[in-house]
């Protein structure tokens, strides 16, 4: 009885949605997630519903399965094709009610096996061979390598980030090597998915940057056509980052907040991000209008 | 006595509460993978992590010792009067030199 | 009786610290051994001060000095480790020896 | 008396946390988390994963236990109350670090280290303003600090104190501009791999800490239980609630800069400011 | 009651001190050491040294946080994912530890220790403050200078950019062939420690 009461309360909370955004659907999806009955989850661990907007290209299928499997049970996937925003919002709310009632759940897409075969050898079942060798718990350990800043040869962590990372543009896959949180190596593995011109709308662009600055409420206000009402907005974005033909990330944020669209020449993406701290790199990416970013990433791929 | 008992008591209570509220975790291999927006990592995330402001951390450890002297100083400040102010002023001035030096060397930035 | 318990505990901490300082290959772990020995010293000082010296103010000052020594040891020790690692990419005690060459 | 004070601490913590949840409009989302599965990451440090939220919660309770509920009446009436709170702050940094370390995943790890970089130096202004408040009281005890504010509150006598302490409060409760552990650019950082009840407990502990920090600030700067007509605990609750609302408001309004920049600001702007604050407070106290 | 708590806390301090060298994870090792310090601090509070006791917790929490950061930074296998033993002269060390313990214990047990506790009404914090500003003023200011020297020394040693250029310049041996890889130890692609070749130096 207590459980069902808890479930009923839970069903009244905003539905936590993690969005995987397809080509041409970025603006629509971002506006959908700003609705009152929905909550934009920054990580699938916090979400119950995976919203797949549009037709995802075939090469993102595996990534989508990864994200899908990372959602805690019970969970549901909703595909958003041609529905009106009202209709999909209603579908999400129904799904969330069903999830809370325990009537809906999905199994993993991927097989339940570790990334590498491995058998524990330590006294508590831990470990691989030697100090750093083997694949303990299914993965090797990071190894040392050169650093670009201070010459300490500490571990390099290499991973592919994206295509469905909320702070990156949808579709962009970056293979990044980090030392600490500084980007030591960067490779664009897939460009962002094509987006229509409405993704460049000043309010959406401003909202993306505001969210990175920790101002979720201000982002909400901007998307509903109000003023941002935030303190220390300009000062928080370092002046020197993201300089592309005369405008910096800070200038572009100011322009967006004033309601102007910004167009910049497609920058040299790896050069812009190489050596940046992670926080700066994310600000730089968010300070580029999607159209410029897509052209920049395609240019890298063609080269 | 009461201080120690209260602190131990709250700690024990919090541990019990947190244990009671968190059911045993359980998940499959694909579910357990670290979140990278669909991407995959090459290695474990635990690593010889390059903590960038390491010089700052060392400076901090040395500077923070001054607190040990400042607390008892604060208690006798009023009764010792201007002498206390002068002595602590000198002490902090000496330490500030170290901070200025560190600033000049740029240790408060990510190395 | 309390003093004896405290001092025996301090002796045990110093013994464990000595074991660690002598046996650990890694410089960082060696420093943990040193810290543990200083911890034992701190415990002994607190015990003596409180139960044997009748609360001489110098006793408290000595405890503060022990802590300052720990901070200095840590700051300089780790700075050395950073410097050595920059040159040698290793943190083992053996690699300090090769610095002489 | 001790039993009564224990109850008062519990009531403050519980009521304050409920108020904090309301300020964040998080009642239903928190409840919903308890219906969700708790995912375990690859090869986590289970011990520290389970202990970190518990310690965070315990530190919040210890922080409130130091606060006097009426003049001369605190559960922990220690002669070194503000040093106990200082230890709590140091242990919070450690706890948040452990929370980010334990899941063995990249974003929590980055969040943990960022928080260590910011959380350590943030303690310096906090210690300076608390020591400045101890000067006129001639004691490190919070009871004495309340006593010293019978004529004029510290917020007037030492005007820089409260703003500096608010920065610390934001850092200790992982909020707004000082929320380097759970920033958006690392997908909520140390919480990125938390799900289900584990996530809920951490968020609850974080809100409980908001009560604790605000209660300390209310005691040190706003005279704690002092006030006309109403009984002491009520004044304390009112002041704590007001400071909680202020902290949440600031947290939602102020933008977060990059960690590297904030570190420089802490050492180069806030630390000299707290030196200045100490000097002014010292001259006034003499 | 106080005696019992002190005995328990002492046992806890010793046990956590022992765990420091027995856990695989470096983070756990430094926090075990911190717990040992916390127990000592609590004993201090019980032994009417509230300031020293609580300040121990405060200082050591901060120092062990920094300790953990550096441990993870420079130790191989910092999280203990592979079981490991990294000791040398093990027997000798155990022997030395035991000898130290027995020797100190014997000294404690054999020497007379008349009881002379702190008077209950002493304001120990104020006493310490007067001591610092009065008789021990020189110690206090010397500590300031020492800490300054430590700060400057730590910065010089640890930062790369000094007045005389990069600290690691010339630290890598020249290549065996023109433009080739440097000779000497390379970061290993796998395998354990114990391969410290320093031919290049």
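All chains are identified by letter, namely A, B, C, D and E, in their written order; residue positions are counted from 1 within each chain.
Note that a residue touches a chain if its C-beta (ideal position, glycine included) is under 8 Å from a C-beta of that chain, and two chains touch if they have at least 3 such contacts.
This one's a predicted model, so the numbers in the text were calculated from it and none came from an experiment.
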| Shared chain contacts [chain C and chain D, defined touch] | A, B, E
| Smallest count of steps, each to a touching chain, taking chain B to chain C | 1
| task | Identify the chains adjacent to both chain C and chain E in the sense defined at the top. | result | A, B
| Relative to the centroid of every protein C-alpha atom displayed, which chain's own C-alpha centroid is closest? | B
| task | Just grab the chain with the largest centre-to-centre distance to chain B, centres being mean Cα coordinates. | result | A
| Which chain pair is joined by more contacting C-beta pairs, A-D or A-C? | A-D
| Cα centroid separation between chain D and chain E, in whole Å? | 28
| request: Report the inter-chain centroid distance for chain B and chain E in whole angstrom, where each centroid is the mean of the CA atoms. | output: 16
| Could you state the distance in Å from the CA-based centre of chain A to that of chain E? | 40
| message | Using mean CA coordinates as chain centres, what's the gap between chain B and chain D in Å? | response | 14
| request: Could you list the positions in chain B whose residues touch two or more of the other chains? | output: 3, 7, 29, 31, 33, 35-37, 41, 44-52, 54-55, 57-65, 67-69, 71, 74-77, 99, 102, 110-111
| remark: Expected list for chain C, residues touching two or more other chains, is 64, 67-68, 71-72, 74-75, 78-79, 82, 85-86, 89
| said: Touching at least two other chains at once: which residues of chain D meet that condition? | reply: 34, 37-39, 42-43, 78, 80, 83-84, 86, 101, 104, 106-107, 113, 116, 120, 123, 139-140, 187, 192-193, 196, 259-260
| query | Name the touching chain pairs, please: which are they? | reply | A-B, A-C, A-D, A-E, B-C, B-D, B-E, C-E, D-E
| field | chain E partner contacts - residues on chain A that touch it in the complex | value | 121-124, 126-134, 136-137, 140-141, 143-145, 150-151, 153-154
| chain D residues touching chain B - in the complex, by the definition given at the top | 2, 6, 34, 37-43, 50-51, 53-55, 57-58, 61-62, 65, 75-78, 80, 82-84, 86, 101, 103-109, 113, 116-117, 120-121, 123-124, 127, 131, 134-136, 138-140, 187, 192-193, 196-198, 200-201, 205, 259-260, 263-264, 266-268, 271, 275, 279, 282-283, 285-286
| field | Residues of chain B that touch chain E when the two form their complex | value | 1, 3-4, 7, 44, 46-51, 54-55, 57-69, 71-77, 80, 83-84, 87, 90-91, 94-95, 97-99, 101-102, 105-107, 111
| said: Under the stated contact criterion, what part of chain D meets chain E in this complex? | reply: 43, 45, 47-48, 78-80, 83-84, 86-87, 90-91, 93-94, 97-98, 101, 104, 113, 116, 120, 123, 139-140
| remark: The chain E residues in contact with chain C across the complex are 2-3, 6-7, 10-11, 13-14, 17-18, 20-21, 26, 29-30, 33, 36-37, 40, 43-44, 47-49, 51-53, 55-56, 59, 63, 66-67, 70-71, 74-75, 86-90, 92-94, 96-98, 100-101, 104-105, 108-109, 113-119, 122, 124, 127-128, 130-132, 136, 139, 143, 146-147, 150-151, 153-158, 160, 167-168, 171, 185, 187, 193, 196, 198, 201
